[in-house]
Amino acid sequence: MLSSIIWTPLLFGLIGLLVPKRFAAWVAVFGAVITLGLSIGVLAGFDPDGGMQFVTDVNWIPGLGVDYSLGIDGVSIFLVLLTTVAWIPAICFSAIRGTERPALYYLMLLAGETSTLGAFLAQDLLLFVLFFDLMIVPFYFLFGIWGRDRGGEGDPEGSPGNGLVTVQSATLKMIVFTLIGSLLMLVGAIAAAVISADGGTITFSIQTIVARGLPGGSQNWIFWFFAAAFLVKMPAFPLHGWMPDAYRAAPLPALAVFSAVLSKVGAYGFLRVVLPMMPDASDLFQTTILVLAVGSIIYGSAMAFTKTDLRLVLGFSSVAQLGFITAGIFAFNSSGAEGAVLQMVNHGLVVVPAFLIVAMIAERTGSEELGPMGGLAKKAPVFAAIFLIVTMATLAIPASANFIGEFYILNGLFQVDAAWAIIASSGVALAAFYALRMYQLTMHNPLPDGADSRELSLRDALVLIPMVAIVVVLAFCPQLIVHSSEQAVDSSVAVVREVAK
Amino acid sequence: MSFDAPTMDYAGLSPIIALTTGLVVLVLAAVFDRIKRFGPALALLAYAVTAGCLIWQWDADVDLVSGALRLDGLAVVLSLLAVVSAAVAVLLAIGDPSETQAGRSDWLALLTGSLLGMVILTQATSMLTFFVGLELLSIPLYALCGTNLRRRESLESGLKYLIVGSVGSATLLYGLAMIYGASGATGFQEIADGLQAGDGMLTDSLTLVGVGMVAVGLAFKISIAPFHQWTPDVYQGAPTPVTAFMAVATKAAGFAIFIRFFLVALGPLVDQWDVMLAALAALSIVVGNVGALAQTSLKRMLGYSGVAQAGYMLAGIVTATQAGVDALVFYLAAYVAMNVAAFAVVVIRERQSGFSDDISTLRGLGREKPLLAWPLTIAMLALAGLPPTAGFIGKLYLIQALVDDDWTWLAVMIAIGTMISLGYYLRVVAALWMSPAEGDEAVPADGTPSDAAAAAAGIDTASLPPQIAGAQADPFADPQADRRWYLLAPAIIAMAAALFFGIIPQPLVDFAQHAGDALSVWIS
Amino acid sequence: MTATWAWLVLLFPLLGSLTIGLTFKALPDRTAGLIGVAAIVAAFVCGVLALIGLQGEPSESRHVASSLWEYANVGGLKIDLGIYVDPLSIFMVLVVTGVSSLIHIYSYSYMKSDQGYHRFFSYLNFFVFSMLVLVLAGNFVMLIVGWALVGFASYALISYWYRRNTATKAGMKAFVINVIGDIGLYIAAILIFKNLGSVDYGTVFEKAPEVFSTNQWEIVAICLCLLVGAFAKSAQMPFHTWLADAMEGPTPVSSLIHAATMVTAGVYLIARCHTLFELAPTAADVAAFVGLATLLIAGTIALAVTDLKRIIAYSTMSQIGYMFVGVGIGAYSAGMFHLMTHAFFKALLFMAAGSIISAMANMQDIDKMKGFRKAMPFTAATLIIGALALSGFPGMSGWFSKDEIIDFAHFRRGMYDWMWVGMLIGALMTAIYSFRIIFRILPGPACEEAQYLIDKGHVIHGEPKNPATNEVEDTEVGYPGEEHHIAEQAGGMKFAMAILAFLSIVAGVLQIPGVDEVVTKFLEPTFENSVFAHMHPSTGEAWLGLTEGGLISIAGIAIAWLLYIKRPDLPGKFRQRFSAIHTLCVNKWYGDELVDFLVTNPVKAVGRFCNRVFERFAIDGATAGVAGLTRSAGAAVRDIQSGMLRGYALLMLFGILAIAVYFLIRSL
Amino acid sequence: MDIEWYIVLSALLFTVGFIGVLVRRNPVVVLLCLELMLSAGALSLLAFSRMLGNQDGQVFVLIVLVVAACEVVVGLGLVVAMYRRRLPLDVDEMKELKG
C-alpha cells in the first residue's frame, strides 16, 4: 500500500515519457490524483492509536543490513497527505500553462514526489537518508533546466541579494549546501547503526536503533551530523545561504512544492530520527537549537520585510516559519511538537498557493519585484480575496489553523522558558508586517502603468481554490490533524523528556 | 634425470592461456591484411573466452605455478572488471585515429598485452609475478598512450607516462628488494611468515622503508596523491579509448595487487601502514577534488576525479577488513560502469566535434541528443555519489566499512570530498542541460549576456581549443558517431548498470563479497 | 435555549458576510445591502431573545457555556469552539448588534455610490461576526480569535479604499499594532494555562482566586499581558497612534468600529476578567492610570487638530480612557454603561460628520466648514445632540455615564482622588472640543460647499482628492460624488441618526442613581463575586457628582462659546502665546514619531542590517569564502601541475621522502 | 664485506638515477637514469640474495633486466616518434598538458 503511494508518481512520470508530448501533462495530473487517492485510502484505514501502521519490510541490501522498510504513523501521515495534495496544484498549474520538454519536466516533478514520499515513509534509517538525498536530484534538474537567470532588474530599495543570479550557480549552491548536510548525515546514520549494534548484526531499522540506544558520547557528534542536514534543508538561519539564489532562479510551480514540502522533511527528520535516537544529545543541545530556531524566526522575518523580491519574501518567511516549527519540536513537550506538526502541514498548504499566486502576479505585471507593482485587486476581486486568505493564513491570524499551530508552539516553548516564547512571539508581529506588506504592495495602492489587473482564469481558480478551501476547512477543525498525530508525536518527544528528567 | 616440474593446473590457468592465445593471434593477424579488419572481433572473442574461463573458474581457490599465482575470488572478480573495460575500449576504439594510425591489430595487441598483465597482476602472489604483471600492464600502456601519432599531446602523454611510471616501477622494485631482504622470501605468504618469524623485523627500518617504497610504487599506478601528477596529463593526452581503459582497468588491477600485497604479505604490519595509507587517501581526496574544480577538459577533469576516487577506494584498504575490501571492490565495479558511460560519451562527442573534449562542447546536448546526455548525466551523478546510482551505494558501503573499523574521520573526509566534487561533476550536468547549445549562444533566450553564464560555469569561451576550427578537415571526424551502436551501446549499458545497481545493489554486493571472501583467511 | 440563540447571533452575520461576498457578481447592490442589514437585525433579534432566555434563569445561574466541537486539544491545553453567555456578554451583544444595525442602515444609503458596495457590506457583516465572537467567546483562545478577527476586519475596512496609499498605510499600522496586542493576549492565555491548567472562562475565573494570592507576580504578569491586548485594541497609550489614521476608512466604519464597538473591546476584556484584575490590583491601577493619561492627552489633541474625523477619533480615545479608568478602579457597570452611551453618541457624531464631509466633497478640515446650520438642519441637530451627550450636559446620557465613573474614583479616595481631578479636567476639555466642532461648523455664513447645497439641493462635485494629503486621486476609490447621499436627503441615514439621537438623549434613564440603575442590576450576576460589587457611592454622593459634572460641562460649553463665537480671535492668540503646547498637541504629542523612533525605526534598521550587512557579509561572505578557499586550493593544485615532468618527479621525491621519514621515525 | 656497503651503493645508484631524472632534460638521458634506478633495485636484490643464500633474488634480477630493456625500447620508440614529428627533444618542452 505504502509502496504504491511512493512509486505511483514515478510510474506515471515514466508513462509520460512514452505518450505524445501534449498528453504528458495530463498523465502527470492523473498520476498525482491517483497518488492522492491512495494516500486518502491510507488515511481512511489509519488508526490514530495504532502506532506504526501499513508496515512493509523487505530485505533490500542484506549485505549491508539495509531494508526496504516503510511504515506510517501519526507524525508522517499528514505530511504524506500534504505532499500528495501539494503536488496536484503545482502540476495542474504547469499543465495549464505548458512547459518546454513536458515529458521530462513532469518526470522530474513526479520523481520529486516519489522521493519526498519515500523520505516520509521510510522506517529504515538508510532508506530515509537515501530518499532524503534523492529528493534534491529532480529538483536540481527542475530548477536548472526550467529555471531562469535573474538579473538585478527593478531594485528600488537597492537591496543586495537582488543582483545577478545564474541558474547554474544557484542550483550548484543549493545542491552543495544540501549535500553538505546529507552526506554528513549518511556518515552519522551509518555510525548510529554501527555503534548501536555494538558488534552485533548491523541493522538500520530506526525502531531497532532507538531500542538499542546510543551511548551518550557518540550521540553528541551524530546529533550534529543529522542536525546539519536538517537545518540546511529547512533552511534555518544561518545555514540558509543557498536559499535566496535558488528561490530566485527556480520555476515557480516546482518552487511551490519545494518550499511547501521539502523543507518539512528536515523538521520531520528531527522528530522521526534525532529526538528518539539521540535523546541525550537533543537534551544537551536544546538551547543551541532553540537559539538557531529563534534566530531563524527573527532573522527570517527581518529579511522578509526588507526584501522586495516576492519569492524572497516568501522564502524568508519560510525560514521564519521553519524556525517556529523547529522551536516547537525542541520544546520537548507534546504541545510544542504537536504544534510543530500542525504548523508543518499548515505552512505547506499555504505556501503552495502563495507561490502560484506569485506566478500569476508576475504574469500580470511582468515582474516579481514589490516596488513597481500594486493595485491588482482592481479588476480581480476573487484573486485578491484568495490572496488575502493566503496572506492571513501566512501571518497565522487567529482562527486559522496556523494560529493554533503557533499557539501550541509558543505554549510548548513557554514550558521550557518564558523568554523563548516571548522572543519567538515577536516573530508573529513581524509576520503580520511582512505578509501584509506583500499583500498590499501587490493588490492594493494605485495600479502602475503596464500592469494588467485581470481576474483569475477559471482553470487557475480551480487550481487555487481547493488549496484555499483546505486551509479554510482546517481553520475550523485543526483537531482533525491534532487528534490523529498526538499519540505518535508525543511518543517521539517523550523519549527526550524521560532523559531530561 | 628426473625433473620436478611444477604441477600445471590448466583449468586455473585457462584465463591466462586464453588471453595469451588471443594476444598471439592478434600479433600474427597484423601480418595478414585480410584478417586485420576483423581485429576487433578477434579481440572481443578472446576477451569473451577469457571472461568465460573466469566465470567457469568462479569458485576456484587454487595456487598456480608453485604459488606464483593464485586464482581466487579476488582475482576472478577484478580480472572480470579489467576484461570488461578492455572490451569496452576495443569497441570505443573502432574508428579512432589512434587505432588506425597504430595499425589496428598492433593496437589491439598492445591492449591485450596490457590486459594480460592485469590478469596476471590480479592473481600474483609472488614478488616476481607482481613485478612482471605490473610491467606487462604498464609498458604496452605507455605505447598505447602515444599511438595517436599526429597529436603532439598523445606523444607527450606517452613519454610522460613512461618516465613517471618508470620512476614508480623503480621505486617499487627498490621497495620489493628491501622487503625481500627483510623477509628473505618472494612469495606473499612467505614474506608474511618471514617478517613475523624474524626478530624485530616488523618494526625494522629496512622493512618499513621497503613498505613505504612499495606503497609509493603502487600509488603511482592507481594515481594516489602526491604521486598522481601524471594522471590528468596522461588522461587528457592519451587517445580517449586508452584513457577509458586506463582509468578503469589499471585501477582494478592496481587495487587487486594493492589488496593482496598489503593484506597478505604485509598483513602483519597493518598497524604500521594503515595511518600512512589513510593519510594518502585523505590527501588524494582533497587534491583530486579541488584539482578537478576548474578544469575545462572533460578528460582532464575525469583524471582528477580518478585521483579522488582512488582516494575513496584506498580507504577500503585502510580498514584492512573484509568489509573494506568488499566495499572497495563494489566501488570499483560501480566505478567501471560510471566511467565507461562517461568515456563512451566523450568519445562520441570528440568525433562529432573535431576532437575536443572541452566541457563547452557538451552544451545543449540534453535538448538535442538526450541519448548522449543521459549516460553522461547518470555517470556524473554516480561519480558524485547521488542516489539512485551505484555510486551512492558504493560510498555508503565504504563509509560503513570505515565507520565500522573506527575510521570515522576518513568517512567524513569522503563526505567532504564528495561535496567538493559536486562543483565539477554538476558543471558537466549543467552544461548538458542548463546551457543553450553553442549555436544559440548569439541569441540568449532570456536577454542576459551569456558571457555571465559562461563565466559562472568557468568556461572561457574565448579560449576554446583551436581543434574546433579545423573540425571540417579532420579525416577521423564522424558526425554520425552518435548513431554507431558500438559507441552508444557501452554508454547505455553502463548507464543502465549504474542505475540498476543503485536500485538493486545486492547482486553487485554479492559480486564484491566474492572477492572479499577470498581473503577471509588473512583478514577478519 | 439561550445558547442556541447566542449561536444564532453569531451565525447570521457570518452567513450575511459569506452570502454577500460570494454573490458579488450575481446580486444587485441594493439586495446585498438589504441582506447585510437583515443579517444584523436578525442577530439583534436573536440577541434580544437570548437576553430574554437568560433573564428567565435565576440570578445565580445566569451564565451558559456551550461548545460546538473540540477545536484542538494537545497536552492538556484543550480548546473548545465554545461560547459563554452571561449578562455581560449579552449586554455587549446587544450594544454591538444594536448599533451595528443602525450603522448598516445608515451605510445602506451612505455607501450607495461606492463601487465596492458588496465588498463593503461583506466586510461590515464580517466585522460584526468577529466582534460577536469576541464578546461571546467561551475561552481565552476564542477570545483571541475574535480579537484578531476584528483586527482583520478593521484592517480590511480601513484599507477599504485600497487604491489610496494613505488608506493602505493606515490599515497596515492598525493591523500591526493590533497584532502586537494579540501577542499580549497569546502570552496571557499561555500563562493562564500554565498556572490554571485551562483557558475556559468558567474554570479560570473559578480557580484563579484559589491559585493566586493578591498581587502574586504571575497574576500581575497575566493581567499586564491582557492589558497590552486591551490597550492596543482600544487605542490607549502607547498603542494609540493607529486610531487617528484609521479615519482613512469610510465614515460608517469609523462610526461602527473605531468609535462604537471594536475599540471598546479592551474595556470589555477588563470587565470580563475582573476576577483576575482584582487579584492584581497593581495591574488594575495600571489600566486606570493609562486610561487617565490617554484621556487627558487625547483631550488636548482633540482641542488642537482641525480634521473633523480626527477630532472625534481623539475624543473616542479620550472617552475610552474614561472607561478604562472605570473598569480599572472597579466601577464595572459604570464603565460598561459609559461604553453603551458612548456607542450611541459617538456613532451619532460620526454619522453627522460623515454627512457633513460628503457635503464638503470629502473635505474634512473644520477650518473650511461654516454655516451648515442652514444647509443641513437635521444633521446640525443631531450633531448638537451628540456633542451635548459627549460633553455630559445635564440630562443627556453621557452625563449619567461619565459622571458615574468620575464619582466612583472620588468615592475610592486615596490616590484615586487624583484621578478624579484628572477626569474632571478631562470632562472640561471634552465639553470644549465638542462645542468647538459645533461652533466652528454650524453657525455663521455658509461656506462655498454649504451654499452650493442650499442652492442646488445636491452635493458639490469637487475634484477627487485625498483628504489627508490633498493629492488628486482616481475616482474609483469610492469617492463621494454628486449622487452621494447626505443625511438630509437619505431616509436610511436619517432614520439611523434619529434613533441614535434619541438614544443619546434618553439612555441615561437606565441608570438614574437611586432610581432604577438598570445596568448595574442587569450586570450584577457577572460581577457578583467582585469585591466592588456592593461598593458604590450613596445616592446623595452620586447626585452630588452629577451636579459637579453638569456644571463643568456647562462651563466647558461656555468657554467654547467664548472662544469660538464671542471672541474668535482668542484661539489664535492662545496659539501664539502657547505655541509650544499647541505644536505639541497638533502633532499629537509626537506619538507617531516616538513609536517610529523607539520601535519602527529600530526594527527597520535591524531589517536593513540583516539584509545589507549580515546577509551580504556573513552569509554570502562565508559561502563565498569557503567556495573561494576551495577554488584557490584548486588553483594551487593546478599550479603545481605545471606540465613540467621534472616538477612531477620532484613532488614524487618529496612524497617518497615524507613516507620514508615517517617510517624511519616509526621504526625508531 | 658487509651487506651494508651493497645497500649503500644501491641507494647511491638509486639517488643518482633519481637526481638524473630531476636535472636532465634530454629524454634519452632521462631513460638512462631510469635504467640506473632499476639497476639499483637489481643490485640490492642480488646482494640480499647472496646474503640470504636463496636464488629467488637472482631470478628476479633476470626479469628486471628484461623489463628494463622493454621499457627503454618503448621509451626510445616514443622519442623517435617525437623526433619524426620534429618536436623538441626536451622534457621541459613537454608541457602542452598541464593545469
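Letters A, B, C and D name the chains as they come in the text, with residue numbers starting at 1 for each one.
The working rule: a residue touches a chain if its C-beta (ideal position, glycine included) is under 8 Å from a C-beta of that chain, and two chains touch if they have at least 3 such contacts.
Just so you know, these numbers come straight off a predicted model, no measurement behind them.
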Contacts common to chain A and chain B (chain labels): C
Pair of chains joined by more contacts [C-beta pairs], B-C or A-C: A-C
Farthest chain (mean CA position) relative to chain A: D
Chain A-chain C separation of Cα centroids, rounded to whole Å: 37
Rounded Å distance, chain A centre to chain D centre (Cα mean): 63
Mean-CA-position distance for chain C and chain B (Å): 77
CA centroid of chain C to CA centroid of chain D, Å: 95
Touching two or more other chains - residues of chain B: 160, 163, 167, 171, 232-233, 423
Residue numbers of chain C (touch at least two other chains): 638, 641, 643, 645, 649
Overlap residues in chain D, where contacts from two or more other chains coincide: 18, 21, 30, 91, 94, 96-99
Which pairs of chains touch, using the document's own definition: A-B, A-C, B-C, B-D, C-D
Residue ranges of chain A touching chain C (in the complex, touch as defined): 159-161, 173, 238, 240-242, 244, 299, 302-303, 305-307, 333-335, 338-339, 342, 375, 377-378, 381, 385, 388, 392, 395, 397-399, 403-404, 407-408, 410-412, 414-415, 421-422, 425-426, 428-430, 432-433, 436-437, 440, 443-447, 476-479, 482-483, 486, 490
Touching residues on chain B, where the partner in the complex is chain A: 326, 366-367, 381, 385-388, 392-393, 395-397, 399-400, 403-404, 408, 411-412, 415-416, 418-419, 422-423, 426-427, 429-430, 433-435, 446, 448, 452-453, 456-457, 505-506, 509-510, 513
Footprint of chain B on chain D - complex, ascending: 7, 10, 14, 17-18, 21, 27, 30-31, 34, 37-38, 40-42, 44-45, 47-49, 51-52, 54, 56-57, 59-60, 63-64, 67, 70-71, 74-75, 77-79, 81-82, 85, 87, 91, 94, 96-99
Chain B residues touching chain D - in the complex, by the definition given at the top: 127-128, 131-132, 135, 139, 142-143, 146, 149-150, 152-153, 155-160, 162-163, 166-167, 169-171, 173-174, 176-178, 180-181, 184-186, 232-234, 236-237, 295, 300
Chain D contact footprint on chain C (complex, rising order): 638, 641-646, 649-650, 653
